[in-house]
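Next come two complexes built around subunit A: one with subunit B, the other with subunit C.
Moving on to the complex of A and B:
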């Protein structure tokens, strides 16, 4: 079977700087892929490139059987390609409910939107209590829950999660990762997970790619990577 | 006492019209952080379109409310076309340029539009029929006409209704939600499926329609217009927007009302020569004391 996403030899430039030096990766339907590596390795750029925020200078991106290279993010979300960006990017002056509605902005199927909203409230009951509060007043953990929920409101086939654990308390991180796994199991949503916390990411991911300096240095099944002493020491921080 | 009430009403009238124009400045600023200096010219063009079509339509036998509403719609459409086109020509190509470039482009556009109307309409004051004052059924307002003319009262009511409609659009419609989202975080809005170009065009169209309505109303109230009216009115409305906090919609309305009252009380109790002076003293004062404006958010810049 063909993978849902195939990135082939993609290079991305910021001005003259080559941020991605030709990366290739695939994500099969229903998989969780972890994208690991140090700061500045190009993980976030990889996600931004896939979703169209920073179009690639070279290479090709195939998604759901079609070439999406150079397509714009506002069009790709209609195909179920959704990014939950690093730093959450909640609309601070919109209410929680409006933030969620923004996630479903491109959709017109009112009944389905309502049922997705129910699903999101089941995952994160806290959001229901905060419905009319403005997004900027939420705590960091609640904002992350809102960001993921907003992404889910777009009915993603492929959900790109950038650093969902960043700046959160360990107990909240556990909760978020539990939910990520739950979404993957119940909705069959394919995910690409970018994480600083490699150990944590490898507990939910099936496969992982390790990036260094704009390239994929290594890839393999999560278990293999976790158990390989050398890899652990070199890339995963012990 | 009568003078005071009279000044209050005329201040409210003036402030309401300033508000219609100021909203265009503040909405565009909120979305693309551009001071659209050509906005005053859109208002002027709205006034001329209203004048031309009120003459054409009344010669075709239109009159009363029918005439006003048709003129309103045509002037609104015309101004919307201008607003839409100017954004595409003068601002869109410069969207990723340094911020000074679109500002200069805006000033150039303003000069161009002013002179283009000047060529077509000469620099003379041209009489504008008071379409509102001609409405017979407003006769019941005659007893208080020494305090506020029927035209003034209608202008204030029209502006209030327009602002209620605008606030509904911004708070309750999908277009309004998209506008607010783009203003807060354009990249995230795109990631949510918002077509930014469309939202920006929509904002220019909305602002232009409001400005054209302001042009029609000022014509009825002053009963003469010329190709220069956009310059000072634009500057005043911009002052109002800054006073209230640029980017803030309630701020623009508040700033416009304060400015309208301040100008009229100065003209009434001091001398009309001083009203512009007071307007710009207010601008200077607010920039010194509270640069973000009365209802504006303090600006913090990432370095």
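Moving on to the complex of A and C:
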């Protein structure tokens, strides 16, 4: 079967800086893949390139059978490519419910939006309690839940999560990763999970790519990478 | 016992505070009176107690209605589990017609008002309405979209000069120039938008300031626009080719005993700008609740967040600047017709700041606030004319006080944008 997403030899530039030096990766339908690597390796850039925020200078991106290289992010989100950005970036002055509705900005199917809202509340009951509270007054964990929920309100086929554990307490991280797994199981949503916390990411991901300095240095099944002593020491911090 | 007293005293205290605040704001308008003939300032302190009482009462009433409104909103929720009386469409319709009745009464009052006013008062009222249009336009850019714009008067100038120039060179009339001026200002807004797509915050402020100055300097130094001397003899808007004063004034004076010195052309302009204000207010309200309005709101909040929900920040910026500027063009054409003489000095940086003050004073993003702010700001200079040197001092003090004590503006913005859940 063809993968949902195939990135082929993509290079991305910030001015003269070559942030991605030709990366290739695939994500099969229903899969969770992890994108690991040190700070500055190019993980965020890879996600931004996939959703069209930083169009590639070279290479090709195939999604759901079509070439989406160079397409605009507004058009790609309609096709189900949704990014939950690093650092959450919720709308601080808008209420929780307004934030969620913003996630459905490009949609007009009222009934389905309402049912997605119900689904999101089932995943994160805390958000329902805070419905009329402004996003900026939520705790870090709640903001991350809101960011993921806002992403889900866009009806993603491919959900890209950029460091969802960033700056959160271990208990909250556990809850969020549990929910990520649940979304994947119940909705069959394909996901690319960017994480610094490799150990954690490998518990939910089926496969992983390890990036260093704008390149994919290593890839394989999650268990393999987890159990390989040398790889653990070299890339995953023990 | 103490509970009861505290419950009753709270709204009273608030009303008292509001009354003091209103008295302070209105002091220059109602208490200091410039006698333009003898050139002195008269103080009418006897008006102060009346003003305080009126403010106090108005605030109490406002509170009462707001509470009633809140109760109405809450009651269906509370009653949903038990058997509360369900709200039918008929109730809603009645509530609406109630509001419409008040609004149409207000509209009618504003329509007949100029016929009973001095020409001087008509001029101030017209100016206030022009400022409301400007405030509503800039509110889209600054208040709703969060783009700090310091050159808004330039677009006002575009509207005014389109009418002035097209009339001077080709003899084109008001009604042709009104849409042309609006369109030209919108185009100028788009033109400014293209290079600043990537800018935010302070950088955007500096570029818009520069743009405003460039437009003013162009107008000052071009012989096409008659330089600093400006363009005079701009005609009033036509009324089916009739001379209003000749045709209708004798009738009005004779049969309705109205002021024989009133200028019907000026009243006609007043009525036009009144209609424009009504239409632009409706447009602003509709925009606020539209997809475009939500995109602007998202832009004000966070660009990265915008992008991750599929809103293009650059498109949001361009549309905000284009539409916001079109309001200024509209106001500019009317302004040129009203004062009949335009010069670059009418569109300086300080005028941009005036309009910005309206938006800030009114409460960023709040449409009713902008209307209140425009009313206050447009009347201040008229009554502070003699205190020219202190004008900006008073303005500055007002701004600082506002920021410290009422950062949400005169009327807090109430969003109903996307809370449809």
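Observations on the structure shown:
FYI, the second predicted complex is superposed on the first by the 238 of 238 C-alpha atoms of A that agree within 3 Å, B and C clash if a C-alpha of one lies under 4 Å from a C-alpha of the other, contacts with A are read in each partner's own complex, and residues count from 1 in each chain.
The working rule: contacts are C-beta pairs under 8 Å (C-beta built on N, C-alpha and C of every residue); 3 or more make two chains touch, one makes a residue touch a chain.
Because the structure is a prediction, the values reported are computed rather than measured.
With the two structures aligned on subunit A, subunit B clashes with subunit C. By the touch criterion stated above, A:78 is placed in contact with subunit B and with subunit C alike.
When the shared chain is aligned, subunit C comes close enough to touch A:97, but subunit B does not.
With both structures placed on the common chain, the touch criterion links A:123 to neither subunit B nor subunit C.
Set against each other, subunit B and subunit C touch different numbers of residues in subunit A, with C touching more. Within the superposed three-chain model, A:89 lies in touch with subunit B and with subunit C [touch as defined at top].
Contacts of A:46 after superposition on the shared chain: neither subunit B nor subunit C is touched. Judged by the touch definition given at the top, the superposed model places A:105 against both subunit B and subunit C. Shared interface residues of subunit A (contacting subunit B in one complex, subunit C in the other): 53, 72-74, 77-78, 82-83, 85, 89, 91-94, 98, 101-103, 105-106, 150, 154.
Against subunit C, the residues of subunit A that register as touching in their complex are 53, 72-74, 77-78, 82-85, 87, 89-95, 97-98, 100-103, 105-106, 114, 117, 131-132, 150-151, 154.
Listing the residues of subunit C that touch subunit A in their complex gives 291, 294-295, 297-298, 300-302, 304-305, 307-312, 315, 415, 417-421. On subunit A, the positions that touch subunit B within their shared complex are 51, 53, 72-74, 77-78, 82-83, 85, 89, 91-94, 98, 101-103, 105-106, 150, 154.
Contacts from subunit B toward subunit A in the complex involve residues 174, 177-178, 180-181, 184-185, 187-196.
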